[in-house]
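Quick one: this structure, given as structure tokens, is what I'll be asking you about.
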Amino acid sequence: MNKVVSGADEAIRDIEDGMTLMLGGFGLCGIPENCIAALVRKGVKNLTCISNNAGVDDFGIGLMLKTRQVKKMISSYVGENAEFERQLLSGELEVELIPQGTLATRCLAAAYGMPAVFVRAGVGTEVAEGKEVRNFDGVDYLLEHAFNAPFSIVKAWKADTHGNLVFRKTTRNFNQPMAMAGKIVIAEVEELVPAGALDPDQIHVPGIYVHRVFKGENYEKRIEQRTVRAKS
Amino acid sequence: MNKVVSGADEAIRDIEDGMTLMLGGFGLCGIPENCIAALVRKGVKNLTCISNNAGVDDFGIGLMLKTRQVKKMISSYVGENAEFERQLLSGELEVELIPQGTLATRCLAAAYGMPAVFVRAGVGTEVAEGKEVRNFDGVDYLLEHAFNAPFSIVKAWKADTHGNLVFRKTTRNFNQPMAMAGKIVIAEVEELVPAGALDPDQIHVPGIYVHRVFKGENYEKRIEQRTVRAKS
Amino acid sequence: MLDKTGIAKRIAQEVRDGYYVNLGIGIPTLVANYIPQGMNVVLQSENGMLGMGPFPFEGEEDPDLINAGKQTITEIPGTVYFDSAMSFGMIRAGKVDLTILGAMEVSENGDIANWKIPGKMVKGMGGAMDLVAAAKNIIVAMQHVNKAGESKLLPACTLPLTGVRCVKKIVTELAVLDVVPGVGFVLLERAPGISVEQIKNATLGKLIIEGEIPEMKIN
Amino acid sequence: MLDKTGIAKRIAQEVRDGYYVNLGIGIPTLVANYIPQGMNVVLQSENGMLGMGPFPFEGEEDPDLINAGKQTITEIPGTVYFDSAMSFGMIRAGKVDLTILGAMEVSENGDIANWKIPGKMVKGMGGAMDLVAAAKNIIVAMQHVNKAGESKLLPACTLPLTGVRCVKKIVTELAVLDVVPGVGFVLLERAPGISVEQIKNATLGKLIIEGEIPEMKIN
């Protein structure tokens, strides 16, 4: 059950032009920095990226926007990015905006083999346009479909060689459901340990969901909003 | 956020005749022994119990069957229990059998605010009778509804005073989804610690789902099938 | 008239012991500062955290620990981390007792618009649509009128909606109002020094004024 | 003719390196004993475990650690525990490569009946309906005929179904057969000492025999 690959380039070797990728992270927190760099190196184009955010101008998915590798973003919030705005207004980039909980739940649906789920978010808004509405016990819900992406790329804190993953603090975010949702799941981690080194009660994503893991390098972990308080 | 109550009797104080309860555990593994004993003491009757199994003659939910407190079992597997069989054949007890994964997923649906889910289990079988069938991408699914129970009773390994829960090994089973599914969730635990004593990355059920916790006593933890191998 | 701090202080009075609360970006974030000492309240951050603590001391920022506004924060005793699917699961299941968020417009039946201005840049709804669709109790913190001096309390929203019939209460620099679908904006309290007439003039939607309207009490 | 061990040994030949496998109660459980050394296979137990180890040594039983058959077991390096919702989530999402289970009847289009005999005691389907509805590859381990000498490989099941068109392969004491919906039971191998004629006589559903049928190779 050895899921270990040599690094980001090997991990993304079969990602091709026009594919749909799920990318974990929330803002710049817990993003797969090494794989994004490798995708930029490889130069694959016309990608559809399912990711809660689109990075900033010079970090995260922003790096792939700069090189015009992204055809479409499926996200809940895409502020903080001037290049993004430029491409969107010029029509170079398509954007599909989805409520954040719906985005997460469509990952969960894929992870748990549910073809579609009913959610209340967006009922009565433009998000509901063209979608089936169904009433349960007096409340309207939208039918939302599971994502069906060939690849998920996530960042975890630790993995063992079987691909069992553990996340740290708020980096779990979309990384956990996406790590269970893609047909092929790639996880880059800060620490790679032998099978048996992780507490079996404390694994966030079982290795059965994960296909390739590698120890990432040179994590920058950029902070988007550095807020502090004075020492009193 | 103190969720601590004095013990099982206080925890179940407002469970009344005719109510529906979710009870965690798989077989006799991870069952809420203290609360079951308290329910027997209290003598509430005509209960509907949602539980994967029905215990054995003299342990687990079997104790409540013996005292005829259960009107209906909603379970996936109810073997191992002669008194159960007698009551079922004599018409004293109703049983609704549900595929195990559907049972778990109807708990998850309640936990995650989904009114209903689509599952494949049971398509083309008597389980599908009277249920809506829907085809997604060429595959038929049954529409199954979220459970809506006023109480969940679960057994965890550890809790903090905020009701954050941690389970041990295969006791997680139905305890985890049920601990997020009931309107009022009662958790009995082996170890109760102050808030802050559990690793925040390693909590299986966040306390927001849990209403009452107490440290249980005298756990018997009976083994249903003691299988061993010889030391070589 | 209240300043932002005043609005936050007034909203803090709506928080009850034992509440799990989700605070939006802006004025709502300030509410955390005015929750009475000794009251047990846990803050939920929809990026995957219960028990949000204050900003870190300088030099102690952890890039792996942010809130939904992407600000560096800290944990406190009892903090739990979880993934986004569980986070919105608990929101949808109604486990969050109170959601406080900003708005561009609120209608007299409780519709809210706060995510998009057509023709201008669209940043996305983030978790707002999920929160307003699910929370049992939604309080809007906003200015009574926009920068052009137009009322933000309207018969019907003009901007794209975030959610329908969901806002329960509004706190502005001028007033506290309940929102009752089919009835309108029910005036509950005036800000210090503000007259009922001033509130009337700033409210385009149907305003219900019954009896004497007391002035807010704020420390 | 194969004994139970023989059936388990033959099924073990179907296991491939890197497979995640769910083993039902009875003969399927025995399969674990015959997976070749050095082959990386992880056993899933649907009560919430990946990486099921062997039975514990006497005195080392842990009541908190059982398999889906409620037997005491052990963990191994790489074991993971999870809850029942995730367990069936991964099953439904097709992450389990191979499911091996027993059956009372299999039909020539792959329907399976293994959970209920009307009029006799009903124990429930447990996780069987979920497993057969979801697994990509389902192998049935069973006797070719029942105790009354009647074939269990039928044109159509007579007992209440567990799942439809799902069984891919059957291994009995007499034969290995593929199940091809619309075609029938395709005979692949004979058990040692068993003739095609004997298999024909024990099979009520449509049996496809093409060319020479080899004898199984079992160590």
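Each chain gets a letter, A, B, C and D, in the order it is written, and its residues are counted from 1.
Just so we're on the same page, a residue touches a chain if its C-beta (ideal position, glycine included) is under 8 Å from a C-beta of that chain, and two chains touch if they have at least 3 such contacts.
Just so it is clear, the model here is predicted, and its values are computed rather than measured.
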Note: of the two pairs A-D and A-C, more contacts are counted for A-C
Chain centres computed over CA atoms; the one at greatest distance from chain C is chain D
For the pair chain A and chain D, the C-alpha centroid-to-centroid distance in angstrom is 37
Chain-centre distance (mean CA atoms) for chain A and chain B, in whole Å, is 33
Between chain B and chain D, the Cα-mean centres are separated in Å by 28
Listed in rising order, chain D residues that touch 2 or more other chains are 75, 81-82, 85, 88-89, 91-92, 134
Note: chain A residues in touch with at least two other chains are 105, 108, 112-114, 119-120, 167-169, 172, 200-201
Contact graph of the chains (line, ring, star, complete, other): other
Chains touch one another in the pairs A-B, A-C, A-D, B-C, B-D
In the complex, the residues of chain C that touch chain B are 18, 20, 40, 42, 44, 50-51, 75-82, 85-86, 88-96, 134
Note: in the complex, chain B contacts chain C through residues 1-2, 110-114, 160-162, 164, 180, 194-196, 200-201, 203, 206-209
Per the touch rule above, chain B residues touching chain A in the complex are 105, 108, 112-120, 136-137, 139, 141, 145, 166-169, 172, 199-202
Per the touch rule, the chain C residues reaching chain A in their complex are 45-49, 54-58, 60-73, 75, 81-85, 87-89, 91-92, 111, 121-130, 133-134, 160-165
Residue positions on chain B within touch of chain D in the complex are 26-30, 52, 75-79, 85, 95, 97, 99-105, 107-108, 119-127, 157, 167-177, 204, 221-231
